[in-house]
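The structures come next, written out as structure tokens.
Each of the next two complexes has chain A plus one more chain, namely chain B in the first and chain C in the second.
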Partner chain A sequence: MLTLSAVAAEAPRPQPKSGIEYAGGDVRALQADDFGNPGMLWVARGEKLWSAPAGRSGKSCAGCHRDAPTTMKGVATRYPRRDVGGGELLNLEGRINQCREQRQGADVLRYESEELLALTAYVAHQSRGMPVNVEINDANRVNFERGRDTYYRRQGQMNLACTHCHEQNAGRKLLADTISEGHGNAYPVYRLEWQSAGSLHRRLRACFFGVRAEQPAAGSAELVDLELYLASRARGLQVETPGVRR
Partner chain B sequence: MLFAAMAGHAVAATPALVPYRIEGDAIPASLAPDPGDPLRGRELISGRDGNCLLCHAVAETGVRFMGDIAPPLSGVGARLSEGQLRLRIVDSSRLNPETVMPSYYKVDGLVRVAPAWRGKPVLTAQQIEDVIVYLKTLK
Partner chain C sequence: MSMLARVQVPAQARRGDVFPIRIAIQHSMETGYRPDNFGRRIPKNVINTLTCRYNGVEVFRAEMGSGVSANPQLQFYLRAENSGELVFDWVDDSGQRGSERAPITVTA
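Up next, the complex of A and B:
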């Protein structure tokens, strides 16, 4: 297992392909149409929340960060990220909640709540069209390696790892689904099956469930580490938030 | 929907697994006292318990959506003996350690199995015999 992950980490990978390229024509058309894409509803809600005061400080996000299209541009391409001064690895959801708690004096937002999905979608949307560009450095290498180990670890009653579907069988069918390379560059996405927007962690938990493995909690360190590893695999793909999936 | 299928219902709690002996690339002896039932086997491979069609196509089932990760099973009854089928379903990893095919009758060596499935094989010994008898009809 260990040798497999070490080898795979070094082997050059072909250009990554976004999940949308494996999707059907109807889904692609829906994602491409800003008026039809249901995910844009969450982006619009996020825009409202951006300037709504919250918490004891009575400050809004805009109170500190001003104009999101300028100040949040490119931010999603660099996440998950660790503060220079240390602290835990944060994905966008984690950073938004950190700002709420520490700067706004507000409650943290629950994972998959409408508000957290909306704010995450709104912030990530400001990077739409820009390439994923996480940096692996001394500060986050341990997270990267943990994420990589999860990716190559067989687990669950089905005894499958991420690699078995998303690396070895991308483009093939699992029942009615075309398996993609498993990138996170379009999240949060609007998923037709959920009839809602959902986070990357919700999608990842579905994959754990599918192989009948224990599901790590959304927002857990294990999933944020995996998210960092996925982002490193997705380097160069454009951020597509809000994506659409079947 | 995807894995709603895969993560269907749990098999009834099983005591210890029936021991078996491997000869060459086969498990020659049946795992269950009763002969397999091909009708039940047919339901198992397309239903949530077996979920074989997630990965394999079996044209004879007439099911609309089937996977193509694995070789189609049409004609497998002519290619493989009962014993060979049994080993491939019970524990394909004995033949190919890198295989994507799950082991349907194994509880050891698995990592982080969800509580609902822990300590249970995917299929019971009897269900495996049902599947084998059905696959033998695919000639």
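Up next, the complex of A and C:
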């Protein structure tokens, strides 16, 4: 296992391909249609929430951040990211909740709640078309390494690691699915099977479930570290939020 | 949470033009056939009726049931007559109502 991760860390990777390129024509068409893409309903809800006052401060996101298309442009390309103060690694959901709690004086939003999905989709949407560009540095290297270890660790009753599907078998069929390279650049996505939008962590938990492994909680440090590793693999791919998946 | 919808209506049309109208509504469209985690049936709750009025006159009506997907989208065509407003109203089985309006300018 150690050798596997060492090799993978050094071998030059071919240009990554987004999950949408492995999707069928109907799904691709739905994602490309800004009206038809059902994920845009969550983006629209996020836009409303952006200017709704919340918490003890009575402030809205817009009260501090003004116009999201300007101030939030490119933000999602840099996440997950550590706080300037050197706090924990935060993904976009975590960052939004930090503002809710510390700046608005409001309750944190439950992971996978409509509100948190909507705000995350709205913020990430402002970076659509921009390349994923996380930086791995001294501050987040331990998170990166933990995420990479998870990626190459066999787990569950099926004893499979992420790499076995998403690196060694990308492009091949698994039941009705075409296995993609497992990138997170389109999340939150509208997934037809869910009949709803969902977070990257929801998708990741489905992969843990698929190999019958214990599922880390959504928002847990283990999944945020893994998200950072995925983002480093996806560097250069465009943010597509809101993506559509089958 | 209130029902959220997006409508697509051209801001301008020429009199006599036929143009598409699209509406998408966020709704779970619960079929009534699904059990919850305890095996109890989740009651059916779908948007059962949606209407569109063009300057007060009903020009479109849809009656929907369990066969329509979550977050439904509808598309239909209208002929531009006069400037004014399109008003969409809908209601689900639980009695919750939603509404959207969109202005339209018709040129000669």
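We take it that the second predicted complex is superposed on the first by the 246 of 246 C-alpha atoms of A that agree within 3 Å, B and C clash if a C-alpha of one lies under 4 Å from a C-alpha of the other, contacts with A are read in each partner's own complex, and residues count from 1 in each chain.
In this section, contacts are C-beta pairs under 8 Å (C-beta built on N, C-alpha and C of every residue); 3 or more make two chains touch, one makes a residue touch a chain.
These numbers were taken from a predicted model, which means no experiment stands behind them.
Trainee: Which holds for A:196: it touches chain B only (first), chain C only (second), both, or neither?
Mentor: In the superposition, A:196 contacts chain C only.
Trainee: Per the contact definition in the header, classify A:40: touching chain B only (first), chain C only (second), both, or neither.
Mentor: Once the two structures are laid over each other on A, A:40 reaches chain C alone.
Trainee: Considering only touches as defined above, state whether A:153 meets chain B (first), chain C (second), both or neither.
Mentor: first
Trainee: Considering only the touch criterion stated at the top, classify A:173 as touching first (chain B), second (chain C), both, or neither.
Mentor: Only chain B; A:173 stays clear of chain C.
Trainee: Touch check for A:114: first (chain B), second (chain C), both, or neither?
Mentor: second
Trainee: By residue count, is chain A touched more by chain B or by chain C?
Mentor: Answer, by number of touched residues of chain A: B.
Trainee: Have a look at where A:82 lands relative to chain B and chain C in the superposition and call it first, second, both or neither.
Mentor: neither
Trainee: Can you tell me which positions in chain A touch chain C when the two form their complex?
Mentor: Going through chain A, the ones touching chain C are 35-36, 38, 40-42, 44-45, 48, 114, 190, 195-196.
Trainee: Can you list the chain C residues touching chain A in their complex?
Mentor: 1, 4-6, 8, 22, 24-26, 28-29, 69-71, 73
Trainee: If you look only at chain A, which of its residues touch chain B in the complex?
Mentor: It is residues 153-160, 164, 168-169, 172-177, 179, 193, 206-207, 209-215 of chain A that touch chain B.
Trainee: What residues of chain B sit close enough to touch chain A in their complex?
Mentor: Touch list, chain B to chain A: 1-3, 5-7, 53-55, 65-69, 93, 100, 102-103, 110-117, 120, 122.
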